[in-house]
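Okay, got some structures for you below.
The two complexes that follow have subunit A in common; it is paired with subunit B in the first and with subunit C in the second.
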Partner chain A sequence: MADASYPDGLLYHPEHDWARVEGDVATFGITWYAQDSLGEVVFFEPPEVGTQTKQGEPYAEVESVKAVSDVIAPLSGEVVEVNGGLGDAPETINDDPYGEGWMVKVRLADPSETEALQDAASYQQTLS
Partner chain B sequence: MSAVDVRQTAQQRESATTIYEKSKAGRRAFVPPPVDVPERPLDELLPARFRRTVEAKLPEISEPEINRHYNRLSKRNFDLDTGFYPLGSCTMKHNPKLHERVAALPGHARLHPAQDPKRAQGALELMWNLERALSEIAGLPHVSLQPSAGSHGELAGVLLTRAYHEARGEQRTKVLAPDTSHGTNPATVTMAGYELVKLASNADGGIDLDDLRAKADDDVACLMLTNPNTLGLFDPNIEEIARIVHGVGATLYYDGANLNAVMGISRPGDMGFDIVHFNLHKSFTQPHGGGGPGSGPIAVSNRIEPFLPRPVIVRGEDGTFDFDHDRPKSIGRLRGWQGNFGCFVRSYAYIRSLGAEGLREASEIAVLNANYLLARLREAGVAEYLPVAYDRLCMHEFVLSGAPMKRELGIKTLDLAKRLLDFGYHPPTVYFPLLVDEALLVEPTETETKETLDAFADAIADILREAKEDPEVARHAPYTTPVRRLDEARAAKQPVIRQPL
Partner chain C sequence: MPVQYVGVKQEHLSVRHDVGVFDVSHMGEIETCGRQATDLLQHLLSNDVRRLPEGGAQYSVLCREDGGVLDDLFTYRLADEVYLTVTNAANHERDLAWFQRHAAAYDVDVIDRAPEFAMLAVQGPRARAVVERLADGPLPPRFHCCQRTIAGAPMLVCGTGYTGEDGVELLLDPTCAEEVWDALIAAKVKPVGLGARDTLRLEVCYHLYGNDLMESRGPVEAGLGWCCKEETGFVGSDAVRATRAAGPAERLAAFRFTAPGIPRQGNAVVGGGEVTSGTMSPSLGVGIGMGYVPAEKAEPGTELEIDVRGKVRPAVVAKKPLYRKD
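This part shows the complex of A and B:
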């Protein structure tokens, strides 16, 4: 597993989720800190395409060797794509949390919600 | 693998084989003598339709090999008779051998569950007396012994809650549980068809009253609470919590997993709880930890009583005991027969051996032992790396956070737990409760000596010292156990759950 990293250019939610906003679509995933705290992920239960996400509310479940946890949506919108690769290889969430380990793509309902999210530097400050 | 790798032990070299793999066709453990009475035709003894047409697949083994097989297996196990087992929220206390003796008495051990109640009066009297004792301990008037595990008792409690509300013509949809609750609580809520609403904890580790007030409304059927909770802390706001919950017409459910801290000192019924489950196998001694048999009786208030599982045990005016099946409002049966009777015998023996004063003393010493161990760990310098999560006087257990240990020494709580096995200890509960980072939940119980607690504290201090020099040692532990570190992720993803014969 790689060392801790929090890429610039992503937006961070305090429940340890990130969003990469491109136009009116955002990609969601969990942070390095989240996957490290969970331990090895053994199962990812995605939402169905078309599901509505709501900022701060759970939209998926992730099961690790320690516990089953809700995954919290950093932004509201409609799920337009789900990372099908996580079905067979959920450990990708540990190996590459910001790349191949992405979870869903969401068409945003309210782009102004991004104002409530943090940049990499301020999110990292909350971790120490 | 690093330089810390050690030679395999004899147990590790020996690959575990099932008794079927040891089987050799025609080998026998016992050969009966020739028949010396006239043989009768098989059809007279057992009609053909009841006889099997193919041979049973039984292992064919010599008697000494059977002995060795099971003896070897038993030595690969870790149990309370082998060593200290401070598994938090599980109350792994010593099981007095006297209880095994009374449970093995033929009148107990050979009693058939279908026995006519008229000829099982002694057993019914024991169950009735156990119900009265549990009623006194809970501070609630009515008891059912039927549920056979803590989780089963929880399900009974939530089904009783549903029956209570429905009898009043109310359809409620939500059940509240704090974020420190045992995993079985949310599972029970879901299984009983309710929606779970989590309550936040306050800075002292108790329930956040503002959050409770905000979430307690007419849709709430019940609040499930453990007090002391899984942080080992008694919630001093319990009376206010009860007022809020009862104020919206909901029931208050007591998860008895941590009863060992308060037996004979405070009673859930007096705190305002409507339904309580006991874990007889925790608080009232039983061998447990292998998945059963367990016993999870429930005690309830008058308003819940009409809905209790049936049948209930009744005592007639002439002092004889019987089952009452005529319970029209009952939630019904929760299992076949009456429960695990052997558990009732052992727990009844325990309660009668200790008496009211003794039960109180057991709880007092459980709390004393936990606080002593916590102080002893501090003295050994452990607090710097494993600070207590909520720094208050604890009850019968306490939670340490391994977050500084992970950050400063590079070993996780899991590594510490695995290394403890090499020191001859069963590790405490890890990664629970979930709200504490890198949690280690320690419950020493009242039946351990000062020397054992001292040695355990020293072992943790030793492991931290060792990790300071070389964290690799703990990262690859354990070394001395029958199997080395298990691949938990693969076990979850590719479980092998049957052995082909």
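This part shows the complex of A and C:
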């Protein structure tokens, strides 16, 4: 498992999710803190392409050996791509939560929602 | 006992392929001794205690009059009329009270030994070799026990476990436990937590009290009829005999998922039944579980559907154990 990190340039939701916004599409994943709290992820089932996400609402589930957790959408929109690789290798979420462990790409419904999210520094302050 | 040290999967595989140690000191111990110790245990425990030799270990359940399971236990016969019974931590006080209540009619002492024992389980294909190197004599065979000094500490060594692997369980003075633990770790035994304890036992379909065993169900439906000897007249034997004769309405079935997903305790079985234990099997790489289903659905090969938080997932009943060593 990699060391704790909270890259700049991502937007963070207080439920320990991140979004990387590029134009009107954002990539979602969970933060280092979230994967560390879960422990080894053994199962991830992405939503189907075309599903709508709503800011602050669950869009997927992630399971470690002992627990099931909802994954919360940092922003609203329509799922346009899912990370199919996580089906066979869900532990990628632990190994590389901001890279290969991304979960979905979403076409944003309301870009102004990003104002409700935090930058890396403010998010990290909430963890201490 | 922590849930994990380095990670459930890694700890699980250490026990399957090498050797691990669990600190299971939370388990309770009850000593039964005196002229009628055998008689009392024969009355309380479901198995035939008279067939347990000195230095032997025997699994049984403790039943209520109506056959409901109060606990599942290993009993070690330390001497002719001296027995040590290992209880589940959550049931220890209730078991002790049950033993004491029934002991009134017997010439016997029932003593709470829980504060006097720490318990370390060393399990895995290399467990015996590692422990033997630290011991002052040979280890007891499977389902036997004997006194030994290991890493300088006197203890009861038992050829039992809860993982499906070979190994021993060590019952010792808590003040020596840290030293013995350290000696095992120095011998390259991996520490293993509660998470892997659960995945290991579920792969081999060992019951967990509170999940798969409960007061509202009897041993026959749990698949534990093999350790019930009704002819001994144990408390609950009439109910067990009746269930065995009529056939239980439900049985505890083991199953594995045939598609992605992980079953969890409390998930409903479509058409009747409930999952009592579920996890992702680190050895098999699929979701596995056990649950009570209508008896006709408990046959291996039967297809089941499990409702996992609103998503119906396909499963197939499998022969126990779910994991078998090659």
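Note that in this section the second predicted complex is superposed on the first by the 128 of 128 C-alpha atoms of A that agree within 3 Å, B and C clash if a C-alpha of one lies under 4 Å from a C-alpha of the other, contacts with A are read in each partner's own complex, and residues count from 1 in each chain.
The working rule: a contact is a pair of C-beta atoms (placed from the backbone, for glycine too) under 8 Å apart; a residue touches a chain by one contact, two chains touch by 3 or more.
Note that this is a predicted model, so its numbers are computed, not measured.
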item	value
Clash or fit, subunit B versus subunit C on superposed subunit A	clash
Contacts of A:Gly87 with subunit B and subunit C, given as first, second, both or neither	second
Subunit B versus subunit C as contact partner of A:Glu40, first or second or both or neither	both
Touched partner set for A:Gly99, first subunit B, second subunit C, both or neither	neither
Touching partner for A:Pro14 - first (subunit B), second (subunit C), both, neither	neither
Touching partner for A:Val65 - first (subunit B), second (subunit C), both, neither	both
Colliding stretch - subunit B into subunit C, listed as 5-13, 167-175, 311-319 or 455-463	5-13
Footprint overlap on subunit A, where subunit B in one structure and subunit C in the other make contact	39-40, 42-43, 63, 65-66
In the complex with subunit A, residue positions of subunit C that touch it	3-4, 7-9, 195, 198-199, 260-262, 264, 279-280, 282, 287, 309
Subunit A residues touching subunit B - in the complex, by the definition given at the top	37, 39-40, 42-43, 63, 65-67, 90-91
Contacting residues of subunit A [partner subunit C, same complex]	39-40, 42-43, 45, 61, 63-66, 68, 87
Subunit B residues touching subunit A - in the complex, by the definition given at the top	414, 431-432, 434, 437, 488-489, 492-493
